[in-house]
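Below you'll find a set of structures to go through.
Both of the next two complexes hold chain A, though its partner changes from chain B to chain C.
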Partner chain A sequence: MKKSIKSWKFIPCLVLLLALSLIVGGCGTNSQTDAAGKEAYKIGAVIDISGNSSSLGVPERDTLKMMEEQLNAKGGINGHPVELEILDNKSTEQEAVTAVKGLIDKGVLAVIGCSSSGPSMAMIPTVQNAKIPMISLAAASSIVEPVSERQWVFKTPQSDIVMVNKIIGYLQSNNLQKVAFMSMNNSYGDGGKKTFAVAAKESNITIVAEEKFAADDKDMTPQLTRVKASGSQAVIVWAIPPSASILTKNFKDMGLTIPLIHSHGVGNQNFIDLAQGAADGVILPIGKLAVADQISADDPQKKVLDNYITDYTKKYNSAPNSFGGYAVDAFNLLVNAIEKAGADRTAIRDQLEKTQGYTGISGIFNMSAQDHNGLKPDSAVMVRIENGKWKLIK
Partner chain B sequence: MKKTTIFGIIILLFILIVSLVVKSNYLFSILIIIGLYAIIVQGLGILMGYAGQVSFGHAAFYGLGAYTAAILTTRYHWPTIAALLAAIILPGTIAALIGRQTLKLRELYLALATLGFGILVFIAFNEGREFTGGPSGISSIPFLNIGSFAFDSDRKFFVLVWAVLALLLLGINNLVHSRTGRALRAIRESEYAAENAGIDSASLKLQAFIFSALLAGLAGGLYAFYITFISPAAFSYHASIEFVLMAVVGGLGTFWGPLLGAAVIVALSEILREVVPLLIPGAGGEYQIIIYGIILILLMVYKPEGLSSLGAVFDRSPKRAEQNTNKQ
Partner chain C sequence: MGEQLLQLLFSGLTVGSIYSLMGLSIVSLFNITGILNLAQGEFVVIGALIAVSLCSIGMPMIVVFPVSILLAALLGGLIERLTINRARGASNLNMLIITIGISISLRGLALLIWGTDTYSLPAFTKGGPLFLGGAALNPQSIWIFALAVVNFAGMYLFFEHTYWGKAVKASVNNRTGARLQGINPHTISLLAFVTAGGLGAAAGVSIGPITMVTYDMGFMLGVKGFVAAAIGGLSNVSGAVIGGLFLGILEAFSSGLISSSLKDAISIIILILVLLFRPEGIIGAKRERKI
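On to the complex of A and B.
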């Protein structure tokens, strides 16, 4: 054991390790109280601020910060200020789990997040065990189903089935029976594909071609060539930019003229910009936020949508998108529940489940013990892109 | 008293004290992740630091371990401990199958071959629809249990992971000071010279490769039983590169390197997550990655031999290391 002297290096290692850990653990443990002396309500959020899903996470974080400021300016919840801590999970599952454990240690009443499905799924066992209400901002329906294993988990975006039914309705009213389905090879594309396959079968719509592509593919011409040869009457695509935009460009370049139907995953300006003019004519289901200026004045959501657009545009100098909208709904649902339940996690969970008639950005929420999303098909509309703008299809 | 005994006592005390004193599940989860990565980097350290071979495909073995554990327990209802055993053996077997051919390659070509293997396995995870759950992954993986004792809390899991890690540290310490360890180092310095001295370099390199795959599989199996949800995203080539980074940052061919590398990379990313929003409130997460990058570049410029060389400051006789090298 000639080299055994190295054992002494263990001590500096340990000291370093512990010191680092303690610094991290010690951050933000001091809670603030307002002038009236009421203790702050702590809420946590784990958002995909960097990494693959940052285009979703950044508007969500900005929205949450704005909501926190507005709420505290109005005097908080029943006089208690709200302290919102937002952490980045870098779009990874492992970091989402450590982040949510950190938030739980700090005594948060509930957790908002994550932006995408994988990290949200990874957090579920932790929040279920710790009995902390969680509201996800991700689409996959498996996040809240089966409810018997997800008592503490809720989500605000419309489930795939809501959007799929909108598309099926459009196909039927235009008498399109043979379609091609193209999807991104990740959990978003996978979820859309499964849901669409089931719904199409029930409505006698035949899928004549199925194609996949990777999220970072740069050319989808080969897949589109096979779609062209399949004789389909329409193409349905389940993807997000940039791959969704590239596909749309390839589609135009190949001179295809059949209807191109995208999913709500392309519901941001980014998609139109990256497609460089090729997006015109694309049809998609989307929440009402994108066409707030075109829906009728007596729509119950009209006022909520206009307020959010005005506030967000004023603060950040750019129009909000549906991802930020998911954060608005998650924050408000939580605030409403805490208002009735106080600082009691079980009561907050129960109140969330009892949510009825909350008018939000993504629709009107009616939750129940069987439905932890609570949105119906009327929460989406079909739009067509014309001259780079969303146009409502009446 | 032998120094290994002292070390054993120190790490036992560390595990005992931390498990009794620490109440934060967050701190436990960080230590668990550090422990898991340190296990992988231990194996990678043997491969890179002693046998002198680089692998950019170890996330694949890590993933194979995790998927083996997850599939066997959720689909075939194996006992968890048996599934964990399979999670160690399967990646080792695959390493043995591909290793013989792959390790004939050298340097850049070997790096590319392992990178290719990693991407191949990643694609298989994504495409094995029914079997691997596709891109959506596998959820509801049970907790690890031995008989009626389940590792169902962060505290219990911390003790398990660090006990495994401590055993590995001791075992590897013995290994590198044995004849095999010296033979491996001889290969790293000059494969031709080693062969001329009668060392079967092909067989030893293969053994090191298999050993590192076994450890990555073990860490993967433990990861699946800890997070209880897995998807392919965690096992992409980014993770492979991160493991190599940890090995290099910690210091190749050193005793503390793997643990130190894993600890520093994980802790750095945790600290930056908390600190960056306080310093630059409007920053996107990219700032965090830039700062992380700058720190790593500075480290590589000023301490290319890795962080564990800083420990030399505490070494009572600086010449000792040199003497050891000469003896071996």
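On to the complex of A and C.
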């Protein structure tokens, strides 16, 4: 009897909690209309702002906010202001799916995200079912392949295969035939590993050791010990910071002298800073943004790159990186498509697929019904890190 | 092969001493207050992040180390006064849940102040790794190991060989009895949290150069520390050290010799096995229960 009386006390608390959650939930943004009375176009974004991939997500969020401001200052799309809602997926698959479902319920026209491959992959079934165009900012080729199962999904970073071919080219021209491959134990690492294994086989490069590590591992010495014993002539690593930086430090500490080749996942200053000097000598394929000051003046991307660097640096007091660049391209591709298609999701998707000759930060995009990325190998360059700076390898 | 094994041993000892440090702090707080502090990992992170901020304004490491310990100790004391002290008399389960709350709040606080970036801290001593028998050893690992040893020695002497250490342990078992002897359990609880905060910061500043610092890395550290402490039987100071080193070495060898994807699974499996078959710890802690 005493117990039942006690439990009565909880009920008002529960009611209060429920009421509170309803109030908070009900505070969603109402669509604004501008002075001319045209309804705002809603776009959603799900970004890895906190968690393991935050080094990717934060510049992306900052870039998207800047792009939204610039666009609305210019009068939006055909007079419609753009309302961009950016949600954080905490770098997890579950939060990404919850976030995208929430955005779809709010009636967004399209979704940008996520920053990393795992959460992007997790959102695909949801957007495919809801028939909402999605532009991912993550690298794995499997996000847009096979296109027959990914009609609604596009992505702006160079696919793994573009970067893998750059690396293979470097290995061949330096006559390195036995390599070790190390990857993060997630979709990004697995994507790179699969693509590299296929490409290496075709070009007679032998993988003598394959190692994995977790995104939050603190010491990769055991894996590197195995690599050292394998007699490989170079190490290829498919990871993002901080684990990529820790690995690089361990690599140097162990006194390994073979070439260390990273993927474009380390294409930000954060990687170099965290490695505390150990990053010098690291070789990687990367978009042209990082070396915009070193590419030739007649490069078709030169002007786009310089504009973005100027705008971003002015607003945030730090240089942009390739991840922010992926967001620029996603936002612009979407704006171009909405401009032609209006507030019709199917038409937006069709327009995205028809994108031709869009000159962006990551390259020149030519999409088709077979290619939802649209970038060619010429969109990347090989760089070497020297004194904490990116140096173009010519 | 010998060189490879030695390298794995060094790696295991480095990671193991980090776990030992975590385990030691958890055990000491448990011994003094009877509270299993699941926020210990957050103390480590906050301590390390304070050090990051102090370093960024140009303080030398020799000043940063004590100042961050001091600040984190103050924070530990403040938290004890605001939460644990207000809930005095609550059951140990309630206290455990409160520490989970503290851990979530501290993580949120770290996120608000320092954001999601990963930071690095400078190593205590400059210079590259040492090479012993062909295997590389990071000098910072020696510092971490030394800190674990000093911590261990201090606590062992305090708890086992001083009157006060024994008195403190006794006050956990019998609060009324302790009071009658003139020991105020509330003051002891405050001091225990001040120490936990300070020890956490000391661990954080020393492991920062190796592990880097992110606002959310405390949880996993806390779990590993808990496993280390549980292997040693939760109230046993030497058990926590041995448990931590054992766990680190086992992880290094299993990822270096079998497969690197097994690592985290192994520590959780060990935790389950220990809790199932030897809840008193694998190192004869039964002696303690007989007192």
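Everything below uses one rule, namely that the second predicted complex is superposed on the first by the 365 of 394 C-alpha atoms of A that agree within 3 Å, B and C clash if a C-alpha of one lies under 4 Å from a C-alpha of the other, contacts with A are read in each partner's own complex, and residues count from 1 in each chain.
What we mean here is this: a contact is a pair of C-beta atoms (placed from the backbone, for glycine too) under 8 Å apart; a residue touches a chain by one contact, two chains touch by 3 or more.
Just so we're clear, the structure is a prediction, and the values are computed from it rather than from any experiment.
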Contacts of A:G102 with chain B and chain C, given as first, second, both or neither: first
Touched partner set for A:P300, first chain B, second chain C, both or neither: neither
Partner chain in contact with A:Q223 - chain B first, chain C second, else both or neither: second
If touched residues of chain A are counted for chain B and for chain C, the larger one: B
Touched partner set for A:S54, first chain B, second chain C, both or neither: both
Touched partner set for A:A122, first chain B, second chain C, both or neither: first
Chain B versus chain C as contact partner of A:N185, first or second or both or neither: both
Which superposed partner A:P242 touches (first chain B, second chain C, both, neither): second
Set of chain A residues, in rising order, touched by both chain B and chain C: 49-51, 54, 57-58, 185
Complex contact set, residues of chain C against chain A: 1, 4, 7-8, 10-11, 14-15, 18, 111, 115-120, 122, 128-129, 131, 136, 138, 207, 210-212, 214, 216-217, 220, 252-253, 255-256, 259-261, 263-264
Chain A contact footprint on chain B (complex, rising order): 2-4, 6-7, 10-11, 14, 24-31, 33-34, 126-127, 134-137, 139-140, 154, 177, 223, 227-231, 233-234, 254-256, 259-260, 263-264, 267, 269-271, 273-275, 277, 284-286, 288-289, 308, 310-311, 314-317, 320-321, 323-324, 327
Of chain A, residues touching chain B in the complex: 1-14, 16-17, 20-21, 23-25, 27-28, 49-51, 54, 57-58, 86-88, 90, 92-95, 97-99, 101-102, 104-105, 117-118, 121-122, 124-125, 130, 140, 142, 149, 185-187, 189-191
Chain C-touching residues of chain A, taken from the complex the two chains share: 49-51, 54-55, 57-58, 185, 211-214, 216-219, 221-223, 225-226, 228-229, 241-242, 245-246, 252-255, 270, 273-274, 276
